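Next come the structures, one after another.
The two complexes that follow have chain A in common; it is paired with chain B in the first and with chain C in the second.
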Partner chain A sequence: MTTTDPAATHATSTSTSASTSASATSTSASRGVTLVLLYVLAIAIALALSAALIAITGGPWRKVLTALLDGSFRRPGRWGDTLAESAPLLVVALGAIVSTRAGLVNIGQEGQLAVGAATATYVATHGGGPLVLLFALVAGVVGGAVWAGIAALLRYWRRVPEVITTLLLVFVASQGTGYLLTRTFLLLDDDPNKPNRVQTSAQVDADTRIGFIRVFGNEFPWSVVLAVVLAVVVAVMLSRSTWGFKLSVLGRNPRTAQRIGVPVVLAGAAALMISGAFAGLAGAAMLAAGTANYRYTPGFANNIGWEGLLVALVARNRPLVCIPVALVFGALRTGSGFLAATGVERSIVDVVRSLLVLALLVPPAVAAIQRRRVSPPPAPVATDEPVVAVAR
Partner chain B sequence: MGFGGEGAGATALAPAVGLRGVTKRYGPVVACAGVDLELMPGEVHGILGENGAGKSTLMKILIGLVQPDEGSIELGGRDVVIHDPQTAAALGIGMVHQHLSLVEALTVWENVLLGDASRFDRSAARRQVMETAEHYGLEIDPDRRVGDLSAGLRQRVELIKCLRRDPKILILDEPTSVLTPGESEQLFTTLRDVVAAEQRAVALVSHKLAEILHATDRITIMRQGRVVERSRTVEATASSLATAMVGRHVNLRSSAAALGVTDLVDDERLRAEREAAAAAAAVAARPVVLDIDRARVVHDGVAVLDDLSIQVRAGEIVGVAGVEGNGQRELGDLLSSLVTLDSGSVVVNGRSARTGRAGCMAELGIGVIPEDRHDSGCVLDLSVAENLVLDRIGSVARLGLVDRKRMRARALELMREFDIQAAGPDAPFGSLSGGNQQRVVLARELGHDPTVLVAAQPTRGLDVGAIEYMSGRLRAAADSGIAVLLVSTELEEILELSDRIVVMSRGRVIGELDRAEATSERLGLLLGGVGDDHDRSRGDAA
Partner chain C sequence: MIAVLGVVLASAASAVGDVLSSEAMYQSAMRFAIVLAFAAAGEWVAERAGTLNISIEAMMIGGAYASAVAFGAFDIVPLALLVGVLAGVVVALVQAHLSHQLSIDQFVVGLTLNLFVLGLALFLDSKWEAVTSVVKPTRLPVLHDIPVVGEALFGQPWPMYLIVPVVPLAWWLVFRTRWGLEIRSVGDNPQSADVSGIHVNRRRRESIMVAGAFAGLGGGVLVLGQISIAGYESGHVGLKGIIAIAAVIFGGWTLRGTLMGCVLFGYFFALQQTLPVLGYRINAQLAASLPYLVALLVTAVFATRTRQPRALAQPFVRGLT
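Then we have the complex of A and B:
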């Protein structure tokens, strides 16, 4: 952590000095330039630190950036993989945005995704018929929603903060779905000819698998398209619909919401469950698109839930901005996989990836701090006002 | 004007503190423009001005919360720079803030000690608190929990906290806003003694003329960041002060609430009362629109609303008077669908409300101007237009999608009708001035013809012009047949607007007066807790 500190402080000082020189009339354009500069700086620092780390451990340090780019886009067939990796990140991020809009902090996507994937697996392996894929996806949605619903219930019935419950339910989900993999009547594969002894589910049938789109030698599942469509739908619903309007009133001022007829408990619980539903859908789609070879396995979620949350954070809760951000995070995942293949130790690769994720998180955080500092002192009459606002 | 010369005779001393040419800018806004101010030892100096006149900023500069852009501060003959409140305290400057800064969960002596860097010595601290209290006649039990004290006693704690440090210069910022008339009288008596006996300099910041006239020796009037007039209190009159403060001649009657003067307008009031009596007879024949019947709400074992019954007829303004913290907030919350009744009922036009269900009161046609508009009246981060259609978003939507054009059109219509000054319908609500924010709330609540309008502290924090406007609107609303429930801690406002007045204390109605029999004295007595003894209050008022 200490390694990133200089970057953060340096970035802060440049941005604040930039903003003061731009004075009160600083435009959003100059802010945008500052943000881009911050990104370049932060990523450069992260890459330099990564190279240093790899050099120390005796790896091919000159090739960090090349390997990352090769692995995510440049090598044949790689950008299809990147798209496939980005789709669940995007879907998870969209769900996170919905709950954030309602003023609720859901950080349990990792668990909701696992539960969604597990319920989808159950339906896929026990069900059949022409609509089994649809049923599996719906099962994922329901699983994720119910898992988030537990947090909603505790929040509105017992006033337990949802930040805590959603987080802790991640670990319950991980152990719980692990248990499902110990019983054949639940998820465990009962095939006696299984190649290894790792407990996994059976492979889902061909009719429960999502089809692939092939373009220029790359292939990606059509769930990628679904994710982009969902992003547009969420963007429109949040910014244009009466539901989105009420949700933002709820998130920004629950008492006003209650007064104008938005039922705080129901609407809040619904937002939290929708958020879980997105994570569950992401899990189900991952299963059906071939993650872990069409099986549910321990550790299936593989940080997609956490990173999806980061996508929403970096995109500052704007659904459409999540699309490119998810792509970058997806590229980091495929690129770092490739980096590992060049002979860099897996644990070092994880550190490299984390450094780059941090580099992506610092600029928006700095921008947010800067906005808070620069936020102009309230208008004329307001010389007395802030005191009132604070004191009440 | 006429400052230096005549005053010098009585107090030929150097000023305790002098501000010279103090200027403070916030971006393009000048909060203080070259202000000179001298506080003399042994005098109470009134600083009068509307909201936003710069008086609070000036005091914050003196206490070190704000740094001036230009100008200097001279203390005891030498220039000083006051970086922060700690420096100010070391220099002997103390301030009692408008909004009390006490920790409710702590006891009196703990609160007094708060912020001390020194060692924590319980018995010494208690002794010191008691000594200070006794010395100034501010009787208080140091072991009481502050949360259990009345507003008046809390103010007393705040004052002790300040006086314990033995300040040479004492600043009081709107000290009476939470006090009953009796309590504020006592406060000023204490203040007078402190000043006379110990040669302290006191700055009293207020927008209430009566208070300034009653308690000060000298007056400085500020307007738009500048000092517009200085005078000795004995030479000032309410109307001269009001004119200087507002910058134009004001109708003292309609602004009486804002300025805190009632006795000036008794003749006019008598006439108005006669008219009101006639009107009251007409109103009495109208149907009861809002019927709150034995409403009871218990929070943590305390009945915050205790069998409260209030009826409001169509076209009538019923004023709910009372000292802050006696259930007014809960009454407002109840009618904002924010509180569920434990027993009792709320009936609007014969329809019973399912209290506490989201939007139940709005559905029955109750519009509310909440006590704190930021709490339940608006969403600061949304635009003006969005705030104007907040509760009726469906009316500007098609197929569940908001039609921006219709929303803007509706907003522009309301902005014109209610004269809302904003950069446009898309301006963020938070960028509006307090008066315009309040107009947005008013416009929205009146915009869809409510049956009942609840106005809780509708003019708090507004300047004189905005108060005149608000009063006019409330009156007009009643004239158009809306039942208006006015909840206010400002007696003048209640007296000016109400057809009928109920007095609330500890969550129940302890007295009800017709407009004709209500005077500020009688109301004051009721508020002061002698309401149960009805005969006595009648006798005193006569």
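Then we have the complex of A and C:
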């Protein structure tokens, strides 16, 4: 009996179907091996290119590697810093996953994070009371959500691609929050004994600061724990809840989503705003965890938004995979601080990071193409009905 | 009350009058508009093929840095511009093959490329700093004596004039060649284009190459043609590629409209530079974000009023509809 004829396989006994499934698992296993090999190859190429780039510009690439490791994990107290640095990356990435799941491309996290941090600073410096930390975090969430909401509004009301608007809003956000720092009734520190002339906000009070956890001589804010919990929550919500299901239907086929009763506009706008809310929360948590010495400063976001987005890309939009990826990206950030001794500019880290991301995009795409080539589309099932009946 | 309002209105009117009669304003606006127009013309070709390349930004940055370095090394402007074009095409090659051969999401590729090229230029610039000297304006005889706008239109450094052949070239490619016909069909209905024997993704890749060449040239002109710029600096391009995309949307995917969009955005970029010179105090942050705010506003108004290529930003995989 041949298994090539689809009509024959369709009507055969369990023995054939068992054998076909066995062959299917063997090919999928070989595909898995190919995928792993492709990943190893891609990472190797990216790292080799980075090393070559350092070598060409006259830098010692071995020293760069050891400096990165020293700065991120090996020196005492460094892995606590790395954890602290990874937390906002993880939170931003989780938000990016939510909007991507709904088929929307939010790439304005950098701006949403800045706005969230600014609104949190406003609440923290103008408010008081025992719950001020909570209010500040909520303000960050609201700020980020509103900023993403502008893009959502333009997307669904005027059909402007959200790719463009979120990007343009990044620039507007950095200028807008910069304006807030020029007026004392908004964010500018009105303390006459300011340490320097850079325009910054006032330092937030002790009750607006996130506590630190100390383990083995390392310390990190408990927002790290919050970020991991959020990752689990997002993972469960996306894969196990009705909301998550509706979101992925919306992302895969908006027309189908509409037919099964998903409110396309509301669900899409909500996804975009949730994604902004995560970025805003990351900004607020950064402020409360001591980034820039508990002050809002120009350039506060410091690429966390962009890098968080890259974390989501590398993790291929799986929330739990984001945790280790965010850790690696956080390590690159803390490690880059130790590069000064090697004489290599720390911007090399930007190059290495995006090169890695580019390389990691390729293997799954190649695997997908192979899968398409190996298995041809299913042939129509042959029936005894006359063609006319089908046409009717 | 009315008097105050009257004074405010009068001063605003005099500001507008000053801006409209300022030669420097026209010159500056023209330069920004031309740089935008290179990228926008390229992006227009690519969007007619149904692709939306946010990596146009990366192509401009690559072109700008490569041109500046090449000029520093050889001191020959045409050669430097050529190197800029090559850099733009290299970025376009990566974008095209990752997104329209391996079918990776084009925005994901574009974003990563933007960050990669920005970081690469920043890193290389710390080693090989690219310093360019100023290209002298080429004044066309008689014409540049036209009052107010003469200097802006006919007194620019010569690389700026390259826009004069580039725009008709883009138009000719899209509307007067077989290739252009295929580009447009691929952008509007890739399925039927595929059935009629057009290699959809190859045409799209080629359209991105054209965008890369034009945007790379635009980046080169940005560093070599501007009077006030002496070398590559990070943030020079500063989302001008994205503004160029906004210009295409503003223009309703027509070339003429796209150019009008470039002039509009060029005007607002120039406003930021010129208003302080004319003695008007304007909030610095507002002035800096003005072109971006206008881009948001303008795309919001014009995105729905016009007919975009039907398959814009939709990847083509055979067998999927």
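One rule holds in what follows: the second predicted complex is superposed on the first by the 278 of 392 C-alpha atoms of A that agree within 3 Å, B and C clash if a C-alpha of one lies under 4 Å from a C-alpha of the other, contacts with A are read in each partner's own complex, and residues count from 1 in each chain.
One rule holds for everything that comes next: contacts are C-beta pairs under 8 Å (C-beta built on N, C-alpha and C of every residue); 3 or more make two chains touch, one makes a residue touch a chain.
Treat the numbers as computed from the prediction; the structure is a model and nothing was measured.
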Of the two partner chains, chain B (first) and chain C (second), which one does A:V105 touch, if any: first, second, both, or neither? second
Using the superposition on chain A described above, determine whether A:N253 touches chain B (first), chain C (second), both, or neither. first
First (chain B), second (chain C), both or neither touched by A:A341: neither
Based on the superposed arrangement, let me know which partner A:L167 touches: chain B (first), chain C (second), both, or neither? second
Using the touch definition from the top, say if A:G261 reaches chain B (first), chain C (second), both or neither. first
Of the partners chain B and chain C, which touch A:D350 in the superposed model: first, second, both, neither? second
Which chain A residues contact chain B in one complex and chain C in the other? 377
Looking at the complex, which residues from chain B come into contact with chain A? 26-29, 31, 51-52, 54, 56-57, 97-99, 101, 336-338, 357-363, 368, 370, 372, 374-382, 386, 390-391, 393-394, 397, 400-402, 430-435, 461, 463
For chain A, which residues count as touching chain C in their complex? 53, 57-58, 105, 107, 154, 157-161, 163-165, 167-169, 171-172, 175-176, 178-179, 182, 306, 309-310, 313, 345, 347-348, 350-351, 353-355, 357-358, 361-362, 365-366, 368-369, 372, 377
Within their complex, chain C touches chain A through residues 52, 54, 94, 98, 102-105, 107-109, 111-113, 115-116, 118-120, 122-124, 126-128, 238-239, 242, 245-246, 249, 283, 285-286, 288-289, 292-293, 295-296, 299-301, 303-304, 313, 317, 319
Once bound in the complex, which stretches of chain A touch chain B? 24, 236, 240-243, 245-246, 248-249, 252-253, 255-264, 376-385, 387-389, 391-392
